[in-house]
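Heads up, the next two complexes both have chain A, just with different partners, chain B and then chain C.
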Partner chain A sequence: MMSSLYRIIVIGRNTLTESLRQKVLSVLLIFSLVLVCCSVYFSGIATPGLDAAGLFDEQIKFVKDFGCGAIGLFGFAIALLSTAQLIPQELQTRTIYTILAKPVRRSEFLLGKFFGIVLLLALCVALMSLAFVGTLYWQEWQGIALVQNVYGYGTPSWHADSISVGQYNHEIDLIDTQVRDPQLIEAVLLIFAKLVMTSGIALLISTFSTSTIFTIVTTFMIYLIGHLESTAREVWLGRGAETSIWQSGLLGFISLLIPDMNSFTIVDEILSGNHVPWSHALNLLAYANVYLIILLALSIVIFDYREL
Partner chain B sequence: MTRLLVNPAAECLPLARRLRRAFLIALILGLWAPVKILWEQEIGAEQDLLRYHGVTMSRELRDQLGQDLTIGVLSGMRSVVADYIWMVDLTIAWQQQEWFKMGGYVNLCTSLQPRSIIFWDIGGWQLAWNASVAAARDHTEPDPLRRYKNSQFWIQKGLDVYLRGIANNPESWKLWADTGFLYEQRLGDIEKRNGQHQAAWDAYHKAAYYYGEALKRPGCMTFYERWPAYMYEKAGDDQAAYQAWKDLWLSLTPEEKKQKQHAAEKIESSIRDLEKKLSIPNEKRVFPN
Partner chain C sequence: MMKIRLMESSAVAGSTFAVETVGLTKRYPMAWKRKILVALDHLDLQIKPGEVYGLLGPNGSGKSTTLKLLLGLIVPSDGEARVFGLPPDSLEARRRVGFLPENPYFYAFLNGDETLHFYGKLCGVTGPALKKRVDELIDLVGLQNGRERPLRSYSKGMLQRIGLAQALIHDPDLLFLDEPTAGVDPLGSVQIRDLILRLKKMGKTVIFSSHLLEQVQEVADRVAIFSLGKKVLEGSLESLLTENHGTQIHLSSELDAAGQERVRKLLGQAGIADGAVRFSRPHLSLEQLYLRTVQGGVGSTTKDSNSP
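What follows is the complex of A and B.
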């Protein structure tokens, strides 16, 4: 058991090293960091004519949306590209035969490879999140400076008007609440879970596909359909329009097999400042984990029986 | 011909292997599928309960978004798409004073992110203030009555945005206060200036109601506590104003009165004035002579 785990860790570490050496992924990571940091420039396009509080609300929303959007988008690209070429590349370079000739099970090889990709995603998401936090603090600093300017903080007239001081404190508190929102950890965890799920789907497809392009396109399609799965499920369960037997069959197929990616869009609610309880986020994370176990089990079954 | 070349003994093993693989896949999926459906239903019900109105992709929404942005929404980039429309399309429509187009974009953004207060808040303001004022000052329209009517049309559109915002986010004090502000400034004040006293009376009373509702929500700024009474004063309803000031005064603890000295003085002077004006008997007064 321990030796098996050791082999998985070694393969995972090697996969991570190999992935980090790939120029495409490095470029993607750099672009993502640039985009996350650039979200402050998008915030500059906020609606003119708003008061300090309104302006900050709009700016911080743009920074959060574009920051998390960049993490999700580039994370998706990294997950897809790195996982899709895992097995085809091993087959092309024939290194898989050398590895499997040693006392390494196919399942260990597959799990090790996937573990490496999860590590890569964790590293990328951590780096992008750090850039995101930095951007948020920069925006907070800008927001406080704006409010101080509006209320004449530090000028001789300061403290003369108790109402203004009260409003100033209220607006500073609002800025702090929006920037130092612990729920952002929930948002990043949910984005990460979605990326790992995407990676799991790509791994499953790559176990029977013979080309990287096929894996990328199919995974992308499943990802898109996943955002409509909840609608398909509702219709299939008879809560929508009348359907023919063929339509019902197709909707049932989608509902039973494709993961519900739309549930993860609650990240938008978190970014809008709405309260999402941890119990709900943990439920979604558990769903993602169980789905991942199923994807890995299917991948192992298919890969075990594949003619190499 | 091909089949004759295949060794039947060799074919037997891959078939057994294939069948075993198919059986294992079917077993895993068969066990997982019902659990998946039930679990997803539970997550969906939980999200409904928490009022997360995830957008449903309809034909109408798809036509409004266009192909590129639809793919964005389907990729889970709903908030980024909404922000993009807000920053680019809506701002251009505003600058070019294409108010109907702007109204459409406000509806689109609020449909994509119904729980984002900022879209309702600023969207309603754009329509009830910017579009309405532009319509009132539109000198390409020579008829003043028609200008007034057009201006009122946009105020109603703005009001509609706020009311839909409240329906989607009843816990947001901001939207309740915004609606009160709209009733006060865009309906009450305008009607009062036009000599429509009954309409102004109704609008100020509604404003008082919405300010009062805002106060019941957490996070509402404390200075709003005086607004309902101000609205009754503006409406000329002295009795209601007196009652509102009195209720507010009685709700404040001595410490609060000390803390909010400026506000407390205002409340006290308003009560004294109204007691005099309404000739309240001395024994029933809050501040007897």
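What follows is the complex of A and C.
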């Protein structure tokens, strides 16, 4: 058992090294970091006629939306591109023969490869999140400077008006609350879980696919259907009695086959400042885990029977 | 060159065959053409531990399929294969087997050192033992200048040598070498030939395929010739290559015309007709000439029929 785990880790680390040494992924990662940091610049384009508090509110929301959006988008590209080429590339270059000729089970090879991609995603999300947090703190510093300027903080008239001091402290507290929002950890975790699920779908398809393009296109389609299935459910099942058996059956089949990606849009609620309890986020993480286990089990079974 | 420490093969003392196949068959259904491609047809093999066995045959004759079946990389359609009495796809069998695929491509982003460490860890070789083993193998295959270079900058010959090193990393009892000298210069080929002979002395079993018939002749105890998926000829080189209708006499010095006449007369007295005797001067093969020139350090001399 321990040696099996060790082999999975060795293959995983090698996969991570391979991904990090690929120029395409490095460029993608650097570009995403630059984009996350650039959200500060874009946030400067504000709606005219807002007061200091309103302006900051709008800017911080923009930074949050833009940052999390960039993490999700670039994470998706990295997850899809790196997972889709895992197996076809190994078969094309025949490196898989040299590994499976060693005392390595096919399941260990597959899990090791997937573990490497999860490590890569964790690293990318961590780096992008760091850039995101840095950008938020920069925005906080800007906001505090703006409020200080409005209330004349540090000038001789400071402290003269106790009402203004109270208002100033209130606005500083508001900035703090918006920037140091613990719910952002929830948001990043949910984005990461969605990326790992996307990667799991791509892995499953690559176990029987013969080309990288096929894997990318099919995974993308499943991702889209995963986003649309809950909308279809709402539209069809919302009519109550009007729903036919085949519609309910089809929806049931799709929701069993394809994970409900739309449930992860709860992240948007967090970014809008609405409270999403941890229990809900943990439920979603558990759902992602169960789905991932099913995806990996299916991948192992298919890959075990595949002619190399 | 030959500084490596190779352990005595424990399998030599055993009574089982190193490799045994009974009616081993591999068929590939070609669904679109409604045909079945027979890649290997009822192969019976019995290879003893410590034997060097050559697989000969044109491209597509079933040599690589045989090796893949013996490594458990593909599943037989019919028949059975055993490696040291074990199923080829078992971890126990793979611990005793090393494999060099044809035209191997390894992870181009790793350097020589990292490649051997990766494969070593997969085989459970770790720590100082692995470091020592890597040093030995780098020395053995003559890749000191490739330790720190990424494999993407390796020549074909260097790739073949690192492939050979990874096949030996866990000191296997049985080696499968698929075209080990493909793309290697004649000097490198001789080094690989010497290595096979050295492995044979250590009691290792070596099964290899090659197009270089002269090399096969130099190292193999037995050969099998394949054609269209079938083993059409098998035997020891001595029995296959000896012609029973003639006698060769080798002289280490030149025999002039008078000497040849005297020999003819002597043979005539022994009842051998004058027309049955033929005198010729020994010829070098082009490979022998090349090696003698390169290894002997002969300068850029020219020699043709008009030379004095």
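Observations, loosely collected:
By our rule, the second predicted complex is superposed on the first by the 286 of 308 C-alpha atoms of A that agree within 3 Å, B and C clash if a C-alpha of one lies under 4 Å from a C-alpha of the other, contacts with A are read in each partner's own complex, and residues count from 1 in each chain.
In the analysis below, contacts are C-beta pairs under 8 Å (C-beta built on N, C-alpha and C of every residue); 3 or more make two chains touch, one makes a residue touch a chain.
Nothing here was measured: the structure is a model prediction, and the numbers come from that model.
In the overlay built on the shared chain, the residue A:104 is in contact with chain C alone; chain B does not reach it.
Contacts of A:93 after superposition on the shared chain: chain C is touched, whereas chain B is not. Of the two partners chain B and chain C, more residues of chain A are touched by B.
Looking at the shared chain after the overlay, A:189 reaches neither chain B nor chain C. Looking at the shared chain after the overlay, A:256 reaches chain B, while chain C stays out of its contact range. Look at A:228: by the touch rule set out above, it reaches chain B but stays clear of chain C. Residue contacts after overlaying the shared chain place A:14 against chain C, while chain B stays out of touching range.
On the side of chain A, the complex with chain C involves touching residues 3, 6-7, 10-11, 14, 17-18, 21-22, 93-95, 97-105, 307-308. Contacts from chain B toward chain A in the complex involve residues 17-18, 20-21, 24-25, 28-29, 32-33, 35-37, 39-44, 46-47, 50, 52, 54, 56-57, 71, 73-80, 82-83, 87-88, 91, 113, 115-118, 121-122, 126, 221-223, 261-262. The residues of chain A lying in touch with chain B in their complex are 42, 45-47, 50, 54, 57-58, 61-62, 65-66, 68-69, 72-73, 76, 162-163, 166-167, 170, 194, 223-224, 227-231, 233, 237, 255-257, 260-266, 268-269, 271-274, 276-277, 280, 283-284, 287, 290-291, 294, 297-298, 301-302, 304-305. Put simply, chain C touches chain A in their complex at residues 28, 68, 71-75, 91, 94-95, 97-99, 101, 103-107, 109-110, 118-119, 121-124, 163, 166, 170, 176.
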